[in-house]
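Next come two complexes, and both contain chain A; in the first it sits with chain B, in the second with chain C.
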Partner chain A sequence: MVELTINNLKVKAEEGMTILEAAKSVGISVPTLCYMKNLFPTGACRMCVVEVTGQRNLLPSCAFPVTEGMVVETNSPRVRRARKTIVELLVENHPQDCLICVRNKNCELQDLAERYAVREHRFAGEKRKHVVDISSPAMERDPAKCILCGRCVRVCNEIQKIGAIDFSGRGFASIVTTPYNKGLNVSDCILCGQCIIACPTAALRERSSTKIVSTALGNKNKFVVAQIAPAVRATLGEEFRMPAGTDVTGKLVSGLRRLGFKKVFDTNFAADLTIIEEANELVQRVVNNQPLPMFTSCCPGWVKFAEMNYPEIIPNLSSCKSPHEMEGAILKSYFAKKMGLDPRDIFVVSIMPCTVKKFESERPELGHDALHDVDSVLTTRELVRFFNMAGIDFSDLPDEEFDNPLGESTGAAAIFGTSGGVMEAAIRTAYYTITGQNLDNVEIDEIRGMEGVKSATLTMGELEVKVAVVNGIGNVRPLIDEINAGTSPYHFIEVMACPGGCINGGGQPIHQNLDNVMKRVRALYEIDKKSVTRRSHDNEAIKTLYKEFLKEPGSHTAHTLLHTHYHDRSGK
Partner chain B sequence: MANQTIAQYPKGDRSVLIPLLQDIQDAFGYLPEDVLTEAAAHIGMPLSSIYGVATFYNQFRLTPLGKNIIRVCRGTACHVKNSANILFGLESALNLKPGQTSRDKNFTLEVVSCIGACSIAPVICINDDYYGRITVKEIDKILKKYQPTPAKATSVKSPEVTK
Partner chain C sequence: MLSWTDQSLKVIPYKLIEGMIVAAYAIGANFGYIYCRAEYPLAISRLTHCIHECEKYGLLGDNILNSKFNFRLKIKKGAGAFVCGEETALIASIEGKRGMPKPRPPFPAVSGLWGKPTVINNVETLSNITSIISKGAEWFASVGTEKSKGTKVFALSGKIVNTGLVEIPMGITLEEVVFNIGGGIPFNKKFKAVQIGGPSGGCLPMSVIKTQVDYESLKDVGAMMGSGGFVVMDEDTCMVDIARFFLNFIQSESCGKCVPCREGTKRMLEIIERVPVAYKEGIDKYDQLQRFKGIIGLKRLADVIRDTSLCGLGQSAPNPVLSGLQYFKDEYEEHLFDRRCRSGVCKELLTFTIDTTLCSGCGLCKRKCGTEAIIGQKGEAHYVLQDKCIKCGMCLETCRFCAINVN
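Now for the complex of A and B:
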């Protein structure tokens, strides 16, 4: 232990701690911009500078370790002046179009300008001019709003290990960009949106679909329906000042009805359906000696990554569409017929925690009869804007139930939103498919939690099934190398591109707080625990769907509507 | 050629990046995108990071050089003698910004800090030819000497050069 003084307070800190961490441990807040918890400090922005007695210069507290007897001032006039100058310089090279900015009132630069009382234009110099990159259907890149903190670059390189963007140029011409400053659509970007979550300003943001949805809702000839992803219900409350991990399913349903959606369905229904089809596919692959291990295909970021970087493993990807695409396909076939609707009049809006889902919904193969399965995708954040625009006080909404039949789901579907959840749900049903009996303990602890790669071995009758769960796309490469080397021990691998799973997806509320992610995860496991049925194959609505329409898992109809194929996008 | 240049460096070693880029530039005259893509895979570094390094240092070029390289001196003496005007004149005449190469790959326009010929400021230098005490009016005449030779005059070996 080391003893030091921060703002006249005696502080005990562990050796090796930084001044920033020590200050935080006693509730002293030091502003930061480039700092990222758990990553090696870069000390680039100098926002966190503090005054240390005996040191000539101000020190970056994020990178400077505590020493015995150190005397630190985090809020001296000199410190405040330095920080204010940094903010002023950043503000003067910024478009300052806060009024019409998507991050208005949720922007770290705006907060700092307020905190340090920037009230005048002290540096009226040249401003950078950059065009907005709107080449991708999921994300926009606006370098004019970038403050070069580098958090997106670090998420992309060090956590996701994609490396689609980096700093280029130098000095005034510095910019975070793709190789050769091309569009994101032709870069290595998988559109996961983790950089959006990391960005302090609106330099990175989703491609908004609010206009399209709003127009559809106003069109009397369209039957506009919504479906809600598992992970959205445990996060949206945060945007309305509810504690992280509040389950707002009921309010979401009533809120969407008030926005004018004719029906509100649950993507969880299709998650159960995905499990039935996927478990069946796994068993078929084992029996028929087809490529193993099989990879889950629910995560479109992962699918895009595989197509771009490892086309050789495309045969290992499950042919199952992702749940919201399955839901869309069933809505435009089975449901349309039942309701006597023309599928062309149904407009399906998916409320997703994800930015890549926007890209996925535009894939030409995900549709039928020249109709997309899903017409538009709204992220959690975009839906919040919808509620605000309609003047809906979300916290006061009553709880309502989903519409049927595509609204019924099990606990297995609820956990789809977290890393390991798809695998756990699949195991519950695969066990039944293989042995004809139900698994006693449905909770599989080995594949829960936040580790990068989780694995388990399960005995199913005479079969020993080895499974792995990849938590975050940055951890997937070694497992693919194993497959290519022929040494992979696994039968089934789940991959989710975002660390923690969809619960921490690129379309989720923006908060730089890792503890929130854990609370969100717990909320989903809680929904599962409280569910009456916890196995996808026990979903009565799914049973009826097979009886009336699909016949059996993997049937011809199921293949036409619920399965897809992939493309080599490597350009090799 | 790209293969040989890259293959002489160990696989997966990021620390060789700058010498590797220098070798590529020596071999091609600039850093072609497909070669950098190959280099990225070889040393196991994202192309975006390599692009970052290549754009950070002035020594690296991402576009091929033109046949004739025009260097405009923007040093102190030339600045006093209005070299900004000369640069602007060249930019307008060629429709190029410093660092760019014309579409027909005939000219590359560059700016240098001091050419070391302050006594004849303002000065520009085309390939190895120096033009001192020039005015904007002379630009067209000078450039004409470096325009591609018309087909009928192919027998002329090289244009005359005034030093």
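Now for the complex of A and C:
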């Protein structure tokens, strides 16, 4: 322990702590821009500078370790002047179009300009001019709004280990861009959107689908239905000042009905369906000696990653569509028939925590009869804009139930939104498929939590099943290398591109607080715990669906509607 | 890291190699890098040759002179980024990454190249090792001042009679370097300033010419030892123009990582660029205001850049401007208020007129003028139309009768 003085306050701090952490421990907040918890500081933005007695220059508190007897000022006139000047410099090289910006009122640069009372253009001059990169169907990149804090670069390179973007150019001409300044769609980007979550401004943002959905809602000939992903219900409340981890399922349903959606379904229903198909596929693979381990295919970011980087493992990917695509397929076949609707008149909108789902929904193989299974994808953030535009006071909405028959779900489906959830749900059903009995303890703690790779060995009758859960795409490469080397011990591997799973997806409310992610995860596990049925195969609506329509898991109809194939996108 | 002053390497690379071997032996290192700009092919080819020779004679490689000590040297060619002179950026460059500095601590001696403890020094420092080892520390310390020992190599250039590399003992005055060693200013021009320490060094005027050349004294007067650049300027040099020139260099060489250096030096350059601008009818009042406001805020901006930048490049970037404001304030004010450049360098502030008594009306200037700014009948005195004149100076060059006046 070392003792130091911060703003005349005696502070005890652990050795190796930075000044920033020490200040935070006693409630002194220091503004930051480039700082990212748990990553090695880069010291790029200089927002967090503090005055340390005996040091010639101001020091970056995010990078400088505490020493015994250190005397620190975090709010001296010299510090305030430096910080204000830095904010002014950043603002001066920014389009300053806050009024029409997607991040208006949710922008760190805007907050800092307000906090340091920037009231005039003292350094007006040349501004960077860049073209918005709209090459990708899921994301937009607007380098003119970029303040070069480098957080996106670090997320992409150090956490996700994709490396689609990096710094280029020098000095004033510096830019965060893709290789050769080509569009995101031709880069290694998997469109996970983690960079959007990291971006302090609107330099990275989702490709908005609000206009398409709005037009569809206004079209009297369209039967517009919505489906809600498992992870959205535990996060959307944050945008309406509810505490992180508030379950707003009921309000979401009533809110969507008020927006004009004819029916509101639950993607959780299709999550249960996915489990049935996937568990069946796993058993078939084991029995028929087909490629193992089998990978989950719920995460389109992961699928895109595998197609682009490891086409040789495509046979290992489960052929199951992701849940919302399955829901879309069932809606445009079974549901349409049941309701006497023309599938062409049904417009399916998925409310997703994800940006890459936008890309996925446009894949030509995900649909049939020249119709996409899902017509449009809205992220959690876009839905919030819809509610605000409609003047819906979300917190006052009553709780309503999902429409049926595609609204019923089990606890197993609820946990799809968190890392390890798909695996846990699959194990519950696979155990039943293999042994004919139900698992006693449905909670599998080994594969819960925030570690990068989680694994478990389960005994199912005479079979010993080894499973792994990859939490964040950055951790997947070693496991694939194992498979290619023929040493992989696993039978079944779940991969979620975003750290923490969909609950921390690229389309979720923008936050910089990792504790929030944990609270969201707990909310999903809570929904599971409270559920009457916690195993996908116990879902009565699913049983009816198979009885009336699909016949059995893996049937011909199931294959046409619920399964897909992949492409080698490596360019080799 | 090799800079211009280390061109001496072309002559004596063995001194450096030996120094590195001794340093490596002292700290127990087995691998050394010489970081050299690819733009110095002669230095690289000689170094390569010398390293091969040393390897041939067993002075580099495994078990050097049966000492069981192994040491190898590799030349890393840099792509020419100025910022790669900063040690952490240099390390990043050797690792094959973008040459951007990192915050310290951790210092390279703790975690440097490939995350391993690394000693990183200038060529000059390492080259001194051999002499110090063979003649003793006392010998080395006997030269120089109390705090700055030994000698320092400077690259004398600019408006000085003797240009080239000079090695001087620490502690002699600037005056001695300029007027004795350098031989003074050519063409009987007046000395105006000397810029010490490379592009981000400060410009020192006649009033501080008695300053000793050592680390502390130079810092006290607003310059620095830096890379050992020593540029002498005479009365024909404009200090505002010099500040603009060096700022332009610095801001284009900034790596772009930290905000004050990336954005701040660009704004400083813009402010300086607005100073030597001529008054025009109908000029935007807002632009006029910006011109004055910029200068008012210049000191503050410079202070913040110096105070908050990540590495030495940014921290020293405002030096040319700060020392200019300190020692040549009258020149800045002349540019700003009178819109006049006493050295005749800032073209836009010049007025070209024709002395009617000297003009013979030959018409040569009229024909040469690219903008048709000169009018007049053959055989009669000519006249310059100021609103068309772009101050290129072509008329001045062509007139055989010295009839063109420049103010």
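To be clear about the criterion, the second predicted complex is superposed on the first by the 572 of 572 C-alpha atoms of A that agree within 3 Å, B and C clash if a C-alpha of one lies under 4 Å from a C-alpha of the other, contacts with A are read in each partner's own complex, and residues count from 1 in each chain.
Everything below uses one rule, namely that a residue touches a chain if its C-beta (ideal position, glycine included) is under 8 Å from a C-beta of that chain, and two chains touch if they have at least 3 such contacts.
Please read all numbers here as calculations on a predicted model, not as lab measurements.
Touch criterion not met for A:V422: it reaches neither chain B nor chain C. Of the two partner chains, chain B is the only one touched by A:A164; chain C is not.
Of the two partner chains, chain C is the only one touched by A:A82; chain B is not.
Look at A:Y180: by the touch rule set out above, it reaches chain B but stays clear of chain C. By the touch criterion defined above, A:L148 reaches chain C but does not reach chain B. In the superposed model, more residues of chain A are touched by C than by the other of chain B and chain C. After overlaying the two complexes on the shared chain, residue contacts for A:A430 are found with neither chain B nor chain C. In the superposition on the C-alpha atoms of chain A, the part of chain A touched by chain B in one complex and by chain C in the other spans residues 166-167, 169-170. Of all the residues in chain B, the ones that touch chain A in their complex are 33, 36, 45-52, 55-56, 62. Those residues of chain A lying in contact with chain C across their complex are 41-47, 49, 57-58, 60, 63-65, 78, 81-82, 85-86, 89-90, 92-93, 122-126, 147-148, 150, 166-167, 169-174.
Contact residues of chain C toward chain A in the complex are 81, 98, 100, 102-103, 105, 251-260, 262-267, 270, 290, 293-294, 297, 300-301, 304, 306-310, 315. Across the complex, chain B is touched by residues 157, 162-170, 177-180, 187-188 of chain A.
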